[in-house]
């Protein structure tokens, strides 16, 4: 049973990470959104699996919320936003796609090293996925650093949140429900505020290119 | 010796210095004239000058203030006080306890200060020029004097003028020690600068580009001028006496016995005459230096003083 | 009683926010209601303060939603005071003029929520809920930065939002890691991660994992605390935000983030070898912050950014102090409090200056002492206090901080911090003098207006002097309790 | 019995200065001025009485308030004799300066806030007084910096003048650097005691001996930086010639006469009292820095055309002289010659007190001149002695004292300084003897140049004919100002006459500090000063009497024998009638010969430009301008590289805030990666 659980956990985590790699490989904002949507859904599925194997009812609610918020609501809002602002392409990213992929690989390697103390205490069957979660964090951070569009940075940030949610699910079978609810509220509110600011940026600068946002210096 | 008699003797020798000063200057002028193939004025000519000046009216510039009038008294007074300190024929003196070598330097500086202010007061360019130059030379000669005196004080273990003289009398060979000789040389150069002799200043000229002391006193007339001139002669006398009696105090009386004093007076007069003639010869031999070469001369004096001190403590 | 205090503390801000959100915020009477309410909140904070001297409430083993100990009471007091002051002086408060009704409502709605989030962050018992509250501070304040819509303020708000969110997400990762440790060790799934439980379990937790967690937490909360090089949002947001918001962000938001760092440091310190690790990391980050803050002051052109960078510097100092043992913690907490007072007052004054001169350029502001005598004098007081000069509180806290550094054996680090603080001093002084002195530019009105609005700032100045010359007993003993609490 | 008065007197002092500060809330300007005057006189009287009580009886004063500022060690006040000596100095100068301020502050009314001036003035006096009574690190540093802050505000009183602002900034920066150094010094001192946090002077004193010698050296150097920058010691003096002229004159007087002395106090307190002296190089360093300060100060004073700047540089000079004595004291102490050390330190402190009198008088006189003429430029003054006879007289008294002319007080202390060097030259190792010999040379050169400087300062300012309308229309200052000036000027001869009691008080204050003899050796026989080695004797009273008698006697005799009339006429102008001010020697002209002599040091920038040339011939020049400026090179050589270095690093730091949000997030990732690597390796 535990072995199966463990395999499912690692598989799920790998799926989540794979979606991130997929995102790095894509160029279109739509592709980003799709990748993020699938990532959230895979994460939700994994959460449900953990709920099932770990026998934790609260986690089902978390999984459901995840699908609702990150799998459905946010991708839709993002799509609308992308359509409104007319930005479809992550034009000329700071780092070429090939190099990005290589860097992501390296970051995941670093994550494995960094997660050594965690693995040392691998008591729960899900712990095999923890390095993947940390790797996902780094990949998300990399996406934020290398994007030239504010909207892709938002997606990178959402992915970072997914990474942490993945970490929470794998490491501790989620945090207590009241916290989880707070986190979801924050995530949703945070996204909404980001969306408002993105509209503001588009209204004032006529673009979502972050290069335009470099007037404040020194 | 710190009794009334001592004080009387002290005052007497200061008065003697005061009385002898014009004669000494007259002697120097006469010797210089002779060396320059002139007949020269008689040696008592300075007395006549003084008498004439004391009998004249005073003209004071309308710009001048009380400083101008007070300065000659301060100059004269401070120089007389210095004369009180110097062992002319007896040593030690009561006043030696009251002021020492360093005090002597500052007393002389008081005179210079007062005279410089007196020079500035009428507001003429000459007075300002003289004051400026006089202060330049006075300030630059200070370190040399200080070191020369330090060397003397080190030799004697005291800065008391009387004791320095007494010590050299007690150890006559000290007068020929290198420290002593170097200090003498340093003091001699300083003396030339302080008393306005060649090659630093020419007391016989009124050429505006070169004069220092004369420029400063240009506005003075009558009794005031007499005081200033007399003070400057006294200053020269004091310096010569210092040179004579601090470095070669042989013959100086150490008691108030009449015989000793008589011999001491004779010795001092002889030494002063020798020094005066020497000074006249020296002045005739050298040309006046440009003002901006004077600091170099004083630097030489400073170095001599430094060497004097060094040899004083290295030979000890 | 304590619950009542809690309600009295948070209630007024909640009510003001609700009123503003309901659209009735823009009314003189409502302004007065808000002001009175905030006064009550400040009184409640003082009540907590008194209460906390007797010990934490409730008892350490309880698992209630809230727990107020000395540290919470102190930071909550600062938040309530600065929050009350800024909300009263800000748009929609009592004296502010010249903002559109919509701006006033927005400011009152989000501003009060912002204060509420900060209060929640320092009183909540659960580490993860604290995180939720800190995240909420970003969300509520980011929308206020572009209150006066301009390109620069929109840009600043984006940077603030993105960097703040990324940082705070990392803090959550750290929280999860520590929680993971706790759950694994205690075997108690769904254990409520309260501070008391964490402190209790800390000695048995895995030191390696705890350090890993601390790295994430420090980077995360350090971003909010304006520690270099995660501080980049700070000068932008502080300089572009409306002055009252800058006052709150610089004055107390940083303190809230420092509160979180301090709490976590206390936990990690209890694990074997933890104290050495935290103090090294804090030293490195703190020194870097002092350096970046101080050096950025030297050639700064905007006075609001000047104040912002000074915040980075002071945040770095607080961080350094945490590395200097118990005496350093004492100094840091005191410094945090002093800085809250001085910096919020200075930022509020910068708002007055901006509205008179119409520019944030240092070179555009001259003759402040002539054109606005009272504002100028108080601004001078604020800047002098920030420069760490007596008779103001920051002198004493810096004195204690540096002394702790020397006595804890960190001589070279402290000496470096001293030198850097000296550079910052000159940087701040030269710009402030350029502003205060000289003749005012043509076309700028001469004479003070709205003197009453200065009363809270005068109170701040007096409080700073009291802290600087006397350091009253109740402050000292409260901070003493905080230091004791760290070791427990 | 007498000890019971100490506490009330202390509170009288505090209350007095508080009254001065209360000028802030006085309703009328007149009341503001009255508050300042009454407050400073009352406070000064209280402080002076308290200081005398401690100096002359067994009384001491201790006030503890451990609960106030408890965390930092609490307020701790303890007045011992060393402190009392300096308290007497502060209080003694406060009284005349307070009187002076009644009238002087009037010239600021309407232009600047005299209320604020009153407030900071009271705070300045109080903090200076408290520095001398502080008995633990926090009290000392707090008062020390309060003193700096309050005086800073006074320096920038004329806040709309760029020169004042620049001066204020230099002052603030230097004084703060000094504070940081002092802070570090105290913390290092405290690191030796078991409870370093308390850091009372008593605890520090007892634990300082146990510190390793490197730490002691570091403490000494830090204290030297901290106190030296306050005292205006070269090379930390750069603020002084800017700040002192910029401040209102009564404040300049206080700063120059008193505040810089507290730098010396700090040095004595830390270096001598707490550390108990050190190896020979401490004294050597002090002597070298003292000589450098003395010479630098006087050389720049000489060429200064601004009267107050001249006085400020002369303060640097005199601090240098004091440091020479202090350095000799340290040196002799390390060589095991406590009696010689006592002589040197006493000479230094005597000079310090004397300097307070004459520099106070000089600055107040300068203030009076500025008040009357509106300019500080000596080149534009002249002829004031007929227009402002009293001011000119006090200026003269101060000038003569500072030029060390007998029979005034400057002469006595400089004489004693000379004497204090002699035992060292006579009885030490060759290296030390050589050093001290050069010290004597420096002392002498300084004395000579100071005389030249003050001939200029007095002569060119007050004598001859005015060179500007301002000077021509000058009027004598009002009574209170004259009273303040007169008090300080009168102190110059009086202190000379009272040398013996003053010196006895000083030796009493120094007795038992560090390794100095606990029973002060008598430095006098009757009214005659006598150095312990018996090398020299001198009686200021007798010199004064003889000098006055001879001068007066000459005058009387001359009145008797030469009763010729006095005519008033034009100054001789080589035949030209009608002398104009343009023919006079100016300040610049007066200093020209010495400026050329020390060309290598001044490195002046000369600029001669031919103005109008007649068309007839290029040699027929109608006008010509000559300009010379001296930029003190200390700033260029020592400070500008530091400033430029900091600015360069600051510019690099600016690059950090590049504006790119990608970079910003990148920094976070970078730090995270670095720290994670650290954890893994930890």
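All chains are identified by letter, namely A, B, C and D, in their written order; residue positions are counted from 1 within each chain.
The rule is short, and it goes like this: a contact is a pair of C-beta atoms (placed from the backbone, for glycine too) under 8 Å apart; a residue touches a chain by one contact, two chains touch by 3 or more.
Just so we're clear, the structure is a prediction, and the values are computed from it rather than from any experiment.
Q: Most remote chain relative to chain A, going by C-alpha centroids?
A: B
Q: Could you compare the number of C-beta pairs in contact for C-D with that for A-C and name the larger?
A: Of C-D and A-C, it is C-D that has more C-beta pairs in contact.
Q: Suppose each chain is reduced to the average of its Cα coordinates; what separation in Å results between chain C and chain D?
A: 43
Q: Approximately how many whole Å separate the CA-defined centres of chain A and chain C?
A: Inter-chain centre distance comes to 30 Å.
Q: Counting in whole Å, what is the centre-to-centre distance of chain B and chain D, each centre being its mean C-alpha position?
A: 35
Q: Please compute the C-alpha centroid of chain B, do the same for chain C, then give the distance between them in whole Å.
A: Spacing between the chain centres: roughly 77 Å.
Q: Could you tell me which residues belong to chain C and also touch two or more other chains?
A: 158-159, 162, 166, 170, 208, 211-212, 235, 296, 299, in rising order.
Q: Among the residues of chain A, pick out those that touch two or more other chains and give their numbers.
A: Residues 114, 141, 144, 153, 213-216, 218 of chain A touch two or more partner chains.
Q: Would you mind listing the residues of chain D that make contact with two or more other chains?
A: If we look for residues of chain D contacting two or more partner chains, we find 654, 657, 661, 665, 668, 672, 676, 679.
Q: Would you identify the shape of the chain contact graph, picking one of line, ring, star, complete or other?
A: other
Q: Can you identify all of the chain pairs that touch?
A: A-C, A-D, B-D, C-D
Q: Which stretch or stretches of chain D touch chain B in the complex?
A: The contact residues of chain D facing chain B are 382-383, 385-386, 396, 400, 403-406, 411, 414-415, 418-419, 422, 425-426, 430, 433-434, 437, 440-445, 447-452, 454-456, 458-460, 462-465, 528, 534-539, 542-543, 546-547, 550-551, 553-555, 558, 561-562, 564-573, 579, 581, 583-585, 589-594, 596-597.
Q: Where on chain C does chain D make contact in their complex?
A: 158-159, 162-163, 166-167, 170, 208, 211-212, 215-216, 218-219, 223, 228-230, 232-233, 235, 277, 281, 285, 291-292, 295-296, 298-299, 327, 330, 334, 367, 369-370, 373, 377, 384, 387, 389-391, 395-396, 399-400, 402-403, 405-407, 411, 414-415, 418-419, 421-423, 425-427, 429-430, 433-434, 436-439, 469-471, 473, 476, 479
Q: What does chain A use to touch chain D in their complex?
A: Per the stated touch rule, the residues are 94, 110, 113-114, 116, 138, 141-142, 144-148, 153, 210-211, 213-218.
Q: Show me the residue ranges of chain A that touch chain C in the complex, using the header's touch definition.
A: Against chain C, the touching part of chain A is residues 56, 58, 114, 117-118, 120-121, 123-124, 134, 137, 141, 144, 150, 153-154, 157, 160-161, 163-164, 167-168, 171-173, 175-176, 178-179, 182-183, 185-186, 189-190, 193-194, 196-198, 200-201, 204-205, 213-216, 218.
Q: Quick check on the complex: what are the chain D residues that touch chain C?
A: 67-72, 113, 116, 138, 141-142, 145-146, 148-149, 156, 159-160, 162, 164-165, 168-169, 172-173, 176-177, 180, 183-184, 187-188, 190-191, 196-197, 646-647, 649-651, 653-654, 656-657, 661, 663-665, 667-668, 670-672, 675-676, 678-679, 682
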